[in-house]
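Two complexes, one shared chain (chain A), two partners (chain B, chain C).
Then we have the complex of A and B:
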């Protein structure tokens, strides 16, 4: 019998886990990801370990990506999306892959292209040791792609690794089944009253993750100094009826408390404050960890109303004191918005192509009857979840896929 | 009572006999499942349906899930239940475990390829936490659920109730799994029985699909949520059993009294004492919460420190039904794999008989329990993960490893040409540093640092080891005596070491040697151990910079000039 072939949409922890489980079972797996680098949102997460591991799971994503890249039954295509799907004894899928502008064999990761590029996000930088090359030209932001007006990166590249005239590729593959592990997007806090995008020292949680992963220390965007007073505001874009985001994103409490704990470890003089509604349980030793963290991290059960600029690019947060109800104002050097998960951009279009039904929240239905035969959802595309839950979801989708392939 | 209760046409024993009598190659796989709840039952049926023979026993020797004479399902021909027999011992290695069961005075031996532990937790009622004794006015959540069940015939019991208080996580931390059940029950009560329901909690756990919506629906239906932000509620149980709860109202901001007719306390799932006994018998790592899996990312989803032994669902922690289903199917799938992806690349340790004095250090130290007595110590290749800890600990250097430098071989003393070969200016002192890198943390971190083009100091030579625990005391001393100005060992963080305590052993050895160095006239700072994760590229560069800079201030290693000892 010919080898079965399965298409996995999304190379995050759920997609990689599904792909690895299927590949081990002898199925050939094509994994496509629309982003320039594989690994999904999880690959951007930084390690939160202090003297000991705090079980955030971030290293698990790097580990799985490394295994998937080596597996003979897995082919990973980044910068790729589905153009159209035709059902015929499985799925005939046309995949469009963005041009590979940077030659991995020539690029030596010097990063000169990044500093040469005049456009914001024109050159994308990887976040993992598995990202080769470590730099990519962002097709949707590049001026050369737009109107051939700029060749700064090509001229600056000392190894001649950049070919701005590289062509896109279109390929048709036949898949016996599909796994949709398209992950999630991150809520943009631009609309919220927290001055994100206006005040330089208001950062989002993913931005903090990226800075920590690249530099190992958290610094203020305005002056690259290490902040002494850091505030975390929870539930930005989660549990919010006004936005119709009626869900808890599930990972942000772990992010905020672990990061606050790590900042304390880096610099014991740091004061960290977490503004919250309810602290969610994370990890197997939460009961004891939480008690310990309450000693070193200030927890305030109140969601701030506004943020105002203050001297030296610091920020004034105004909030209601939970026990008395009086309005307080307090200065912080850095404010971190713990932004929630939302349905991934492009899911609506994908759901139309694949005839998938969405939940009222806009995520992919996980239950029976919401999917056509041979398409299995996995991970956070079904709703917010943690890394461990997404990995388990990937494993489950792999099993469902195999059962489907075995059925007559 | 019969020793084995067979359902349908139990073929497992047949296959086991073939396995025993034949040339050792099993006709088909048999897995032992230890568990008596629904997870064990679902797992058994899933495996049986996918062609694996299953032997089921409870951790206390009783497989309760099928105990009430339920008819066998279509999967049952491959399904055999050991009833009333307790596991007495387990020997052998992955793919060939021998399990001995004891039933009163009888013993039975069976061969299995895999051992899967899927035992349910025990429920600890949280009454005592709140100073409450169960009785007419105070019941556990499980008792309440069975009361709510229409088949229980207890529907009149609700007629006399006007106020019911649910306590979940009011003094401890609840879980989304429990919060879901409590909110659903409170909502049902409020809507269908006309009872005022109160939920007293600290942090409302809503991290799960649909939980935020459920909490809003409950609130809209009239369920009152009382969250203790500043101080916990005061709960008093009077002599007549009546309950008085005093809490601070969030809106009124003053003490408010609640006298529920019924108080329902939640339960905390805990590992059963028998589960711990089984873990000890199988020499499995245990998590800080007592469940049979170390709290270690490398063990996800269902792995243990022993290959061929998995912990599924409730045996490894408190998990949601969706996660348990995922793990059952993942387990079924992984049993069909012939080997795992990394297997080919692994080097296995080998004991050289001529050198071994049978001190049994390796038997004691192996985190994977891969050294078996047959009757002299032998490494079971199928169980060996190739960490090299036994190599480093063996006092006779009797354990060999194909690619790893033996302790007798001097560590590489020539710095990498790319870094140290082009020293500029003869006057500047560039310390030569030997860096032992754990392949699971330091090596990927080094790759990441290179990808980020962080740049390393000159004069480094890297030695990659499978685990920091493979670096012996002799490695450290040899590196220094062979002319390194400094020696750095970089391993995983504690609790993130694939070999369990490998990184702790490495630190212990490094600390031990450090105390000796001053007596040899060598500054102790020339040796250091650092923790690092695989994704900490920036930190790797930072550690190297700081260590090298300090060595520069110390000057050359004085042992360099002396003869080797």
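Then we have the complex of A and C:
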């Protein structure tokens, strides 16, 4: 009997978990990801361990990516998206892969291309040791791709690893089944009253994760100093009827509490404040962890309503003090917005190509009748969830796929 | 820990039988969707004044505490600026709610300055009780100032394309500010007029939450 072949769309924690489970069961798996680096949004998460592990799950993404890259039954293609799908005894899928401008065999990850590039986000930087090459030319921002007007990175590269004339590739593969683990997008808080994009020291939760993972410490964008007073504002773009985002995004309370706890561990003099509506974290150890964290983190049950610039690029936040009913203004060196998860950009087009139905919220339904046979949604593409839930969803989709392959 | 409650809160704790969740439910301001996140109070320029807290006000209405909010000072502290409603993630119309509460108060208990201002505006066409002759005199005097050669104020011109009204400070302390748009109208050759009676553009019924007065006010101006 010929080896089964499955296409996994998305190389985040859900897609990687599904791919590894299938690969272990003898299935050949093609994993495609539209981004230049594999690992999804989870790959840029930083380890939050203090003296002990706090079970954030970040290492799990690195771990699975490392295993997937080595697995003989897994082929991982980045910069790749589905062009079209024809059903014939499974799926004939045409895949377009963006040009691989940086030769992984020549690149020694020095980063000179990044400093040489005059365009914002023209060169993208990886976030994991498994990202090789660690740098990629961003097709949608590169000036050479646009009008051949710049070759700065190619000239600067000491190993001659950059080929700006590399061509895109198209290939067709046959898949017996598909797993759609297309992940999520992040709500952009530009319209919220917190001056994101205006004040340099207002950051989003993913930006904080990336800085922590790259540098090991959280520093302010304005001057690279470590902040003494840090505010976390929860539910930015979640639980919001105006945006039609009525959901709780699920990950953000865990993010804010673990990060605040970590900052306190790095520098005991740091004051961390979490502004919240209610704390949504679950699990066996939640109550004890929560109580312990309350001792070191100030929790304020109120969402701030305004922000003003203050001296030394710090920020003055206006909020209601719930116990006294006063409206206060307080200074912080850094403000972190815990931004919500939303359906991934491009999901509508993908759902049309794959004939998948979307939920009223815009995510992929995982219930009966919402998908054609042989297509299995997994992870946050079905709705906001934590890393652990997405991994479990990937494993579930792999199991469903194996059942389907046995008796389609 | 000693909790301090405002008199109103103490009262509501004692009088639990006043809570009736369904009481204000038909009100169309979405108050029952409140998550009590507090973004309204964090943004409100008047929050904290005499303990005013829009989050609590919304919750009181959601709990059916209509009488308590009507007799409280809070609705009259609100400036109706609308910042809260602009930010509220659940789209609760807090200024609408405040106006509804104001409209529920007995008219003679509406704060004096607003009550008297509305009364004067309804009786005399302006809250200053400025007599018609004085008002026309002020307008014509401004129009006689240098820079207005060949210009007359088109008072009570029938059939004009644009009817303008006036904020009371423009014929009181800020007469200079009248000139700018007069000049624009004049230069543009606009066909416009300003009434000699019921000329006040500020509808005082909005301040007191008096819908009947609002209608009467506009009828006076337009008809």
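Methods note: the second predicted complex is superposed on the first by the 403 of 408 C-alpha atoms of A that agree within 3 Å, B and C clash if a C-alpha of one lies under 4 Å from a C-alpha of the other, contacts with A are read in each partner's own complex, and residues count from 1 in each chain.
To be clear about the criterion, a contact is a pair of C-beta atoms (placed from the backbone, for glycine too) under 8 Å apart; a residue touches a chain by one contact, two chains touch by 3 or more.
The structure displayed is predicted, hence computed values, not measured ones.
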Partner chain(s) touched by A:304 [first = chain B, second = chain C, both, neither]: second
Partner chain in contact with A:31 - chain B first, chain C second, else both or neither: neither
Contacts of A:322 with chain B and chain C, given as first, second, both or neither: both
Touching partner for A:186 - first (chain B), second (chain C), both, neither: neither
Touching partner for A:53 - first (chain B), second (chain C), both, neither: first
Partner chain in contact with A:239 - chain B first, chain C second, else both or neither: both
Contacts of A:202 with chain B and chain C, given as first, second, both or neither: neither
Of chain C and chain B, partner touching more chain A residues: B
Residues of chain A contacting chain B in one complex and chain C in the other: 239, 241, 301, 322-325
Residue numbers on chain A that touch chain C, as the complex places them: 193, 235, 239-243, 277, 301-306, 318-320, 322-327
Complex contacts: residues of chain C adjacent to chain A: 3-4, 6, 33, 35-44, 47-48, 51, 53, 55-56, 83-84, 87-91
Footprint of chain B on chain A - complex, ascending: 20-21, 23-25, 45-47, 49, 51-53, 55, 57-60, 62-63, 66-67, 70-71, 108-111, 126, 128-132, 134, 213-217, 239, 241, 246-250, 253, 278-281, 283-288, 290, 301, 322-325, 366, 382-383, 385-386, 388-389, 391-393, 395-396, 398-400, 402
Chain A partner contacts - residues on chain B that touch it in the complex: 172-176, 203-209, 211-213, 216, 227, 229-230, 248, 253, 287-289, 291, 295-297, 300-301, 317, 322-323, 325-327, 329-330, 332-334, 336-337, 340-342, 441, 444-453, 492-496, 531, 533-539, 542
